[in-house]
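Next up: some structures, all given as structure tokens.
What follows is chain A paired twice: with chain B in the first complex and chain C in the second.
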Partner chain A sequence: MSRTRSPLLLIVALLAPAIAGLVVFRLYPIGLAVSDSFFNMVRGRQVFVGLDNYLSLIADSTFWKSLQVTLWFNLLINPIQIALSLGLALLYVQKFRGVGFYRFLFLIPIGVSLPVAVIIWRIMLSQDGLVNGLIGMAGIPAQPWLTSEGLALYSIIAIATWKGISYWMIFIIGGLQNISTEIYEAARLDGASAWQRLWHITIPLLRPTLLFVLVADVSINFLLFAPIFMLTQGGPADSTNVLMYEAYKSGFIFGDMGRAMAIIVVVVLILLVIVGLQFRLLNGKQGAR
Partner chain B sequence: MKTVKLSILAGLVAGMFATTALAQDKTLNMIVIEGGDTTAMQAVVDAYKASHPGVTINLQSYPFAQFFQVAELRLRSADAGIDLVYVDAPLMASYASRGFLSEIDPSIDVSSLVTSAVDAGKYEGKQYALPVNNSAQVMFYNKTLFEQAGITPPAGLTAGQTVTQAEADELASTGRWTWEQVLDAAEKLTVKDGGRTTTYGFSVEQFAELYQLQPFGESLGTDVIGPDGYTAKGYLDSEAWTKAATFWGNLYSNGISPKSLGYGEGAQLFGNGQLAMFAAGTWNIPILSATGVDFGVAPYPYFEGGKVLTPTGSWYVGVNVASANQAEAMDFAAYLTTDPEGTKVWFDSLQQLPTYKPLLEAISTSPEFDAFPNNVFRLGVYDSLNTAKARPVTAAYGQLQDAFRTAFTDISNGVPVADALKSAVQKFEAAANRVAQ
Partner chain C sequence: MARPVRNGLRLGFRHLGYIAVAFVFVLPLWWAIVSSLRPNMEVFADIFPFTAKALVPVPFSLEAYEGIFQRGFGQIIANTMLVAIITMIGGLVVNGLAGFAFAVFDFKGKNAILTLIIISFMLPFEAIALPLYSVTLQLGWLDNIAALIVPSVANGLAVFLFYQFFKEVPKDYLEAARLDGANWFDVLRHVYVPLSIPTCISAGLLLFVFQWEAFLWPLLAMPSQQFKVIQVGMAAFQQQYQTIWNQLFAVAVITALIPIALLMPLQRYYVQGLAGAGLKG
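On to the complex of A and B.
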């Protein structure tokens, strides 16, 4: 085999489409957001304001409240979604009667587009909707699911979870199927209980998959926008006003792109920190045990 | 290389032809809201084309809910693909302050237009937009539901009656119900079945919107924001507004009004006979006349002891600063708003209260407007001359509208009035300060 040609050219050629896509669709918009966050529109002209947009966020109570809502929302929704997806995936790979029907049932949400799901849920959660009808049969009075300060955020968490968990379940199933059955057999011979097998075999060996699901899920939930836009517009009393919605409102309703972009940059930075932490925690040399 | 040069040359030649063609035949583009407004605008465009054969006007229509965002984005990006812009009255200042609109050609004669409407198209003393029409709100009531409940309905105009302008003035100045009377009747008219309301006593058309609710607090004596356009403290959270907002909240906590009505849903409820009183625009007349409901039309109510104020203001037309066809666009804007033919075609199609004085004169005097429901416009004429209160002029109107809508939606959902108004004041002022800087 002669080495007349360096493979460098081939590598570049093969990577080029992906890199171009990355630059055009990821890096460029981020760069644009960062640069726009240094400008404000004054009398039809873009005026450079330096860090003003960031400094004014510090004194902005709406921003802090929105940040608080965003963090609380994510603190709840991500563990819930991942725990449920893991549970569903473990059930999915079992062999029992009616498993086909069960599998079909949990794949439905993947096939429904998010806006359609949100509209259906809005109808079901309305004052005279299905959900209130069902709890009414149990003697519980009708609840204002989407219009009360105390319930709206949790209703959105429930809807997003319903929509999201089957999707993440698919990835976890993939991870489960990669674990060699011999390990389980060996453990069973050693007398390990089902619980021990889950805790000492399944979860540690699933770690790369879980890392991916965790990172991707957190990113998606941090940037969740559609259900809030369609159901509550950040209300009531700002209880669902996540940063993405606040940025949208600033930029597209008030025409204040400088503030909107500053918020977006903050969201991206928070997300980077969280993802960095997740990598450190889950990629650490020694495992949980 | 040769082919490249050739194609550049061909492009240049084609470009030259295109520009010469444009010099003769101009094409103007206008953004407008979908529905009746687009139909009416098309009628005006067709009439205009008959006398201006060289000009083509394309209408680009967007649903009401998306129109504002589209207009905002396209104007901000200096999109030369729009020449004429349909402008909602209160947003005019925001557009003008950011340099989106051209100053209206001073040679356009606006003396035939209602002065207050012309003034609302000015920003810092300069005219940036011309009024296309005005608006008036009235209260529709279902006569059958009142009869069934054994309640005397408000004094109003009903089918089979004719009224002169003087009689309409009399009704509007002495027969107007108070909101207290409305609430009292509405409580009795509301029918509930196992906790669910089946017939609502009362509803406004535009749920939680400033346009509709501004007279609530202002009729009690305090403007919604201060004269500087950026202060809400002491205004939106004043005693007057607290009382108005409490009244609003009670409509929902008592199940008298349906929550979160979307665009057109109130008219639907009223048309189905599920709503007894409906505070809404005169543009609902053709819609409601087409239903089987036997209705009357009363003047827009006010608070007892307060001042009579009614919603007003509507759409304007402006010329995009980025347009390459300034003169042509100005000419069409003038035709639409100040020409006897243009204004007539618009009114006949859309049935909105005009700002063109000769047309208002015709409504007051022409026998065509003696009979119901055309005579409802005579109530509109009275209100626009005597009780109409324009929305505040501020470059932060979008921010005000949003903070207001959020607060009143929250109040209807049970958030305490004081908290909701306080939060609205804080949010509006924070956002407005960024505009004011």
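On to the complex of A and C.
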């Protein structure tokens, strides 16, 4: 009886809450960002200014400096995170007595939220903190990890990497589990070393997973600003002032939402170009094989 | 005779390598735990010059934990639990139903909508935090607890996890149940829900951890801070009581240990759930 009834109504009812949520709280904000970037607040009223917010960015040296910081930050953090999470995943999937304990320890940073990680690391990296104590054992003088122009960005990279690689490791584990053990057995019988097996079997077969992780990781890091917000507020001397933090400052400290949204739109556009390039370069190679 | 010795050595080196890696992951949390269990004056003892005593809680004291609960930290934990659990339950229902619909039915525009959902979870929350603030203003939800919960219920990754799982369920089950005259809700309740418990666990953990770790959004959406969630409360604590180091560490330790205690027994589900998503994504 009920079989004759088309389930269209049911499909709509099942999908509606999720789709509505995603449209209102994910897609609509994106549209809003784009439209707000064409307006400025003048004496409490929104005034349409066309491309003014974008054009003024071009002449804005703070913006260019911030773009430079963002690109340099990403050029470092993404390869580092992916290489380390691959290494960690390889350690995770090994099988021997007691590995379960280590596996659990590798997952600890997932439970440690970014604010917790930041607070603990901030104290560890302070002038008389644990890190300076440890390097002091090797006779290295204490370093101003978070307060010097030359080190702050790298300290943030280290903290974000500590927090992030466990999460990316999980996805790579999925890819590793998908590679059949017979291939490894065959390679082993052929006398391939562990290193050769990694380069010629694991990494090529892992390509789709690595592409996914690369794209997702770049997206997150390109827009990352919570640790900067909590640790350095863009300083010292703007050395950690990534674009998303510049946008936040614009919108919430200087009340210039138009400029803030224009920066976010630019950031997302650059990100889309980068992601597009990654897909072309990495998928293209696979297609050619 | 030489062989067992060599194997033993190799095993030893292997453990040494793993211990070195694990040390890096454990050290910050361990140090935080140790420091939270010391009297405040002793937190930075034994660091300059560094001795191994810095890594054991001697002298031992629980004053930090007593202190933070006197300052109302218990209320903040309760607030966060409330937000995280409502989000988790709502999210399991909403995203589970959507995943079920995508997996079981064919309809026009299905692939387009699925693609849109995948895009929605590839774009990190940070990109939309500022515009989402404008949406919340328009809805009049600023400083309302709904602003913390409702935007996080629908989750593209959770929809995707359920979709992937339900797709693998053999259609025979469904046909058999339908032939027996069961309606769709019976099918969902008696066939799909019981099968999907592992997926529910991994999606539930995902939603819970997401809310537990939320910092930026509660900070923007609740400007008056009448209702504090844990990450914001912790950051505020840091600004307010900067030099009560042991209490600051105690706050950080509790904030970290609650999700870790959840993840530990359910680790397998969490890893398998996410690992599967990466494969198809």
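Keep in mind that, in the parts below, the second predicted complex is superposed on the first by the 258 of 289 C-alpha atoms of A that agree within 3 Å, B and C clash if a C-alpha of one lies under 4 Å from a C-alpha of the other, contacts with A are read in each partner's own complex, and residues count from 1 in each chain.
Operating definition for what follows: a contact is a pair of C-beta atoms (placed from the backbone, for glycine too) under 8 Å apart; a residue touches a chain by one contact, two chains touch by 3 or more.
Keep in mind that this is a model prediction, so the values were computed, not measured.
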When the two structures are laid over each other on chain A, do chain B and chain C clash or fit?
fit
Contacts for A:213 in the overlay, against chain B (first) and chain C (second): which applies, first, second, both or neither?
second
If we overlay the two complexes on their shared chain A, which of chain B and chain C does A:254 touch? Say first, second, both or neither.
first
Report for A:95: first if it touches chain B alone, second if chain C alone, otherwise both or neither.
neither
So in the superposed three-chain picture, is A:280 touching just chain B, just chain C, both, or none of them (first/second/both/neither)?
neither
In the superposed arrangement, which partner chain does A:17 touch: chain B (first), chain C (second), both, or neither?
second
Of the two partner chains, chain B (first) and chain C (second), which one does A:233 touch, if any: first, second, both, or neither?
first
Counting only touches as set out at the top, which of chain B and chain C does A:144 meet: first, second, both, neither?
first
Given the superposition on chain A, what is the angle at the CA centre of chain A with arms to the CA centres of chain B and chain C, as a multiple of 10 degrees?
80
In the superposed model, does chain B or chain C contact more residues of chain A?
C
Quick one: minimum Cα-Cα distance, chain B versus chain C, in the superposed arrangement, integer Å.
5
Intersection of chain A interface sets (partners chain B, chain C):
128, 252
Within their complex, state which residues of chain C touch chain A.
11, 14-15, 17-18, 21-22, 24-29, 31-32, 44, 47-50, 54, 93-95, 97-98, 100-102, 105, 107, 113, 116-117, 120, 122-124, 126-128, 130-132, 134-135, 150-151, 153-154, 156, 159, 178, 181, 183-184, 209, 212-213, 215-216, 220, 231, 234-235, 238, 245, 248-249, 252, 255-257, 259-260, 262-264, 267, 270-272, 274-279, 281
Listed in rising order, the residues of chain B that touch chain A in the complex are 68-69, 72-73, 76, 94, 97-100, 195-196, 259-260, 321, 398-399, 402, 406, 409-410, 413-415, 419-420, 423, 426-427, 430-431, 434-435, 437
Interfacial residue positions of chain A with respect to chain B in the complex
40-45, 56, 60-62, 127-128, 142, 144, 147-149, 233-238, 249-250, 252-256, 259
Provide the residue numbers of chain A that touch chain C in the complex, in ascending order.
1-3, 7-8, 10-11, 14-15, 17-22, 24-30, 32-33, 36, 88, 91, 96, 98-99, 102-117, 119-121, 123-124, 128-130, 132-134, 136-137, 162, 166-167, 170-175, 177-178, 208-209, 212-213, 215-216, 219-220, 223-226, 229-230, 244, 247-248, 251-252, 257, 260-261, 264, 267-268
